[in-house]
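Right, one structure below, let's go through it.
Note that the chains are named A, B, C, D and E in the order they appear, and that numbering of residues resets to 1 at the start of each chain.
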Amino acid sequence: TGQKQEQKVLKVGTNATFPPFEMQENNEFTGFDMDLIRAIGEEQGYKVEINHMDFKALIPALGNKKIDAAIAGMSITEERLKSVDFTKAYFNAGLIIAVANNNETIKTTEDLKGKKLAAQNGTIGAAYCDEVKKLDAKTEVRIFDDIGAAFMELEKGGVDAVVNDHPVTAYYLKTTGTSKAKMVGDIFSADDQYGIAIKKGNTETLNMLNEGLDKIKANGKYDEIYKKWF
Amino acid sequence: MPWVEVFGMGILDNIISQNGYQVVLRNLGYFLGGAGYTIFITALSLAIGMVLGLFAGLGKLSANKIIYMLSTAYIDFFRGTPLFVQIFLLYFGILPVLYDNDPVSSAIIVLGLNSGAYIGEIVRAGIQAVDNGQMEAARSLGMNQRQAMTYVILPQAFKIVIPPMINEFIALLKDSSLVSAITVPELMHRGDLVFANTYEATWVFGAIAVIYFVITKTISVIGDNVERRLATD
Amino acid sequence: MIQVVDVYKSFGQLQVLKGVNFQVAPREVVCVIGPSGSGKSTLLRCINQLEKTNSGQVYIDGEELTHPKTDINKIRQQVGMVFQLFNLFPHKTVLENITMAPIKIKGIAKTDADKIAMELLKKVGLTDKAHVFPGKLSGGQKQRVAIARALAMQPKVMLFDEPTSALDPEMVGEVLAVMKNLALEGMTMVVVTHEMGFAREVGDRVVFMDEGIIVEEGSPQDIFDNPQNPRTQAFLSKVL
Amino acid sequence: MPWVEVFGMGILDNIISQNGYQVVLRNLGYFLGGAGYTIFITALSLAIGMVLGLFAGLGKLSANKIIYMLSTAYIDFFRGTPLFVQIFLLYFGILPVLYDNDPVSSAIIVLGLNSGAYIGEIVRAGIQAVDNGQMEAARSLGMNQRQAMTYVILPQAFKIVIPPMINEFIALLKDSSLVSAITVPELMHRGDLVFANTYEATWVFGAIAVIYFVITKTISVIGDNVERRLATD
Amino acid sequence: MIQVVDVYKSFGQLQVLKGVNFQVAPREVVCVIGPSGSGKSTLLRCINQLEKTNSGQVYIDGEELTHPKTDINKIRQQVGMVFQLFNLFPHKTVLENITMAPIKIKGIAKTDADKIAMELLKKVGLTDKAHVFPGKLSGGQKQRVAIARALAMQPKVMLFDEPTSALDPEMVGEVLAVMKNLALEGMTMVVVTHEMGFAREVGDRVVFMDEGIIVEEGSPQDIFDNPQNPRTQAFLSKVL
């Protein structure tokens, strides 16, 4: 049966604009999520086929069986669980604050109140900013479709801070952001859990992925990938 | 007839029990507020675009080489490059030099500049479609170029220009969703936000599409009426 | 009043006017006749500079229109023109066609302009069509509106390009009366026409053009009853 | 002159040493490949859109009530709703019922349907701008409605229609970037991917803009030439 | 050949034709005269049904055009029409204007159609303008091309709406010759004209219209030299 299983195909959708989780280099999909899903596929006897699409298109594509699973740094939330199923969390991102290099006023999460904040749509960072706004109505929250534009707004001086998943911000600072911005404070909000999304009710795939996730965590493959990227 | 009721109730129940339905219902006011922004931004940038387009269109017909070249360069640039690049370029690059620019005013400026380029070509074509004899008749009455344009040529071009102009209004209305990239809280932006929190693509974007449809249909009905009212034969 | 000195005009390769010399005295009515394509319309259009001349000068009332510094619009207000194809403004009613230029250029009050226009419409028998759009007029009605429109500017000179070509004999008679009145009031006129009877009636002088030059000119009697040039003789012999 | 060399080398060095410059250089072939997709998809959907637009435009002028209503509904829907909703609806919803649809063919179908709606209005307006006397002259020669349209009205409408049509071509070319949503690897899609990976907004989108500009300028120059060649006076 | 029975036609409130009865025998040439706005052009347009009649019947060659089942296009191929405003096809050269219908409708080979067209152009004196676009023609030249275009379909009936209004006397003479030739070849013609001399020369019969009805008809001699109706008398007394 092993050979038969190897021919099974797992169609995976992603949005490869979220380094270091998913990105494209030299026409190849790379990143933490990509390595992870490939490892799970290998473990479970699936050939993994990756498709890049609009973030918005991932959910309809699941519903329509154009893809079997979506892995794109998607955080698991109550609200989203009403529409899709998620695997067990495979990554705990945590948030970090980024500010302009010359900014000395924001040092911790406490300092965010009443400031101009930016985050990416659909991230826990965005949700966190909304919470800050609830505490202090003077806070201004700007939600960007694209984290790249949020960082540009920070460079422009249109916002005081960007609240975003730590690995993503770190990656930005490593590339072009070095001279313009810095990270301040500790990683916080440790309940930012990424999961793989599956069409609601597709328990077969859900179980298969959960099983695979358990296996690579057990056999050290997961740690290997983690070390490669972080 | 009980079965109709049962059937009807069945569908209704089914819809109401859907999470997506509730998401849309809960956010309807939020969406309509976004539509307000969309209409506001589109209307103002249209006003800018029409003024710019009028001058650019006339400029492309000008005998003055410099005016011609400026108009052509303006039209070529804003028609020739992606709108979202223009948004980035002006929002992050050029406008901050001029004033402390905010997303909404920047969006209006960029969309105005962009639609002006398309409208410029529409205006030029409309003017050229007016019979040559009209200009001659006006000039022979002693009107100068400007008067002949204002009183004779442009009013006639106006009628020819309505349908492509309505096309452009509608395209602009929908293109205005691109300023969502710089966090203007217009209709599509709000759709994206609600979607990202709920993953209810069908319901959320279905509702957004219906709202856009209602607005565009209103525009095209108004356009048809204006067109009909201007018909003289 | 009008002086045309040695005017040449070509369209691309085609030489249409080949050195036309031509004067019109104040209060004079000159009819231009000649075969189709001989350049009659082109000559009229050169007189008010709708067509730029290649060389030569045109003077109206002593001012040189062909001079680059001349304010051509000022002069054109003094020079009414009625086109062969009417060129009415389709987006305006008959009344508005007539009042537009007086109101917009001369700044005459709308009520006054309307009154003048209604009087002109009465002259050409079209008061009932005042609020109709040109698209709904018959050919002859359009023609008459075009005449009224030119007259509304109260020009000193009128140029007519076949003003009666779409008119019935009654209307021709009436237009003739209008034009005779204009002549009495001191209007200088150049009329291109194919109707010899009309030329004879209205013209102080008749000019016969052929192939871009003026072949012969003289009083109507001279030209029609005793043409000198064989080309003129041939042309007139064909008149029904 | 050594200072020219030094100065020139200075600028060149400065450019070459920029990371963004290298990113663009490295990805130039990749971008041009994307431009190939963009042109391919735009060209094919334009062909579809012109056929659909011709029929929709004629349909809106039809005396037949059913044809009129179908044309109007088609134009209203595809002009009135956001393109990306149409892409979703057809790619995920309708086309899978009809055939085993792939992204590229689906993109061509959706863009064809979408542009057909805009072109329909352009065609209708163009036909109406042709003088009524032309139809009468054609009919009086014994042509039926279809022959008069084909030989007399449409060729004249064609001339009037070129400038708004070029506007629509260019808009379509840029709208085609929306099909990146369903994994079509066109130009903008590739720009997004490279940008996300490098955060070099200016260089990456600058390069994308230049490529779009070259394509659109080519289209508009061709359009101007066709327009000039059709001028008969 | 042509029968017009009790035709009424209104534009909105405006009654233009008020019960017109009118016959044209084969090979007959009928001239329609009358004041501007009397409905002459409208009558012509009703004959080939470019204008739908409100009531009444129109027959050509025994076929009822006003009958909904009639193939109107077939019949119109037999009925040439020359418009007052020419309506040439501006996107086609003079030659193509003339050959389009024969080639596209009758399926005549292009070379044959060109030959016929060049002959017609010779008849109207415009062979040198064959490859020019209509925008560059003078008024009279357009008029002649319009006539040639209608003749190219070799129709059995020709309707002319003021065919000579933009022609000079020489050309009028030539068109007259063309029309007389056509009459000899058996062409049936209805000619709306303002030129009484032309009507007298070419017409077998003259019809005088006023205010939407036929007031009087008869031979040219009867109408011109001895009109019975006071309206006709008044109209003709104005002819120059």
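Just so we're on the same page, a contact is a pair of C-beta atoms (placed from the backbone, for glycine too) under 8 Å apart; a residue touches a chain by one contact, two chains touch by 3 or more.
Keep in mind it's a predicted model, so treat the numbers as computed, not measured.
Visitor: Which contact partners do subunit C and subunit E have in common?
Guide: The shared contacts of subunit C and subunit E amount to nothing, since no chain touches both.
Visitor: Treat touching chains as neighbours and tell me the shortest step distance from subunit A to subunit C.
Guide: Minimum step count, subunit A to subunit C: 2.
Visitor: Tell me which chains count as touching both subunit C and subunit D.
Guide: Chains in contact with subunit C as well as subunit D: B, E.
Visitor: Can you compute the centre-to-centre distance for subunit A and subunit D, using the mean CA position of each chain? Integer Å is fine.
Guide: 35
Visitor: So, what's the distance in Å between the C-alpha centres of subunit E and subunit A?
Guide: 81
Visitor: Using CA atom averages as chain centres, what separation in Å is found between subunit B and subunit C?
Guide: Here subunit B and subunit C have centroids separated by 48 Å.
Visitor: Distance from the CA centroid of subunit B to that of subunit E, rounded to the nearest Å?
Guide: Centres of subunit B and subunit E (C-alpha means) sit 50 Å apart.
Visitor: What parts of subunit E, by residue number, touch at least two of the other chains?
Guide: In subunit E, 85, 136 touch at least two other chains.
Visitor: At least two other chains touched by the same residue of subunit A: list those residues.
Guide: Within subunit A, the residues that touch at least two other chains are 56, 60, 63, 146, 152.
Visitor: In subunit D, which residues are in touch with two or more of the other chains?
Guide: 84, 88, 201, 233
Visitor: So which chains actually touch one another? I want all the pairs, not just one.
Guide: A-B, A-D, B-C, B-D, C-E, D-E
Visitor: Report the residues of subunit D in contact with subunit A in the complex, numbered from low to high.
Guide: Residues 19, 30, 84, 88, 92-93, 96, 180-183, 189, 192-201.
Visitor: So in the complex, the part of subunit B that touches subunit D is made up of which residues?
Guide: The touching residues are 76-77, 79-83, 85, 88, 92-93, 118, 121-122, 124-125, 129, 132, 160, 162-164, 166-168, 170-171, 174, 177, 188, 201, 205-206, 208-209, 212-213, 216-217, 220, 233.
Visitor: Under the stated contact criterion, what part of subunit D meets subunit E in this complex?
Guide: Going by the criterion above, the answer is residues 131, 133-134, 136-144, 147, 151-152, 155-156, 159, 230, 232-233.
Visitor: Considering the complex alone, what residue numbers of subunit E touch subunit C?
Guide: 11, 33-37, 41, 84-85, 136, 138-141, 144, 162, 165-173, 176, 194-198, 200-201, 235-236, 238-240
Visitor: Contact residues on subunit E for subunit D in the complex?
Guide: Of all residues in subunit E, those touching subunit D are 45, 48, 50, 73-81, 83, 85, 87-91, 100-101, 104-105, 133-136, 149-150, 153.
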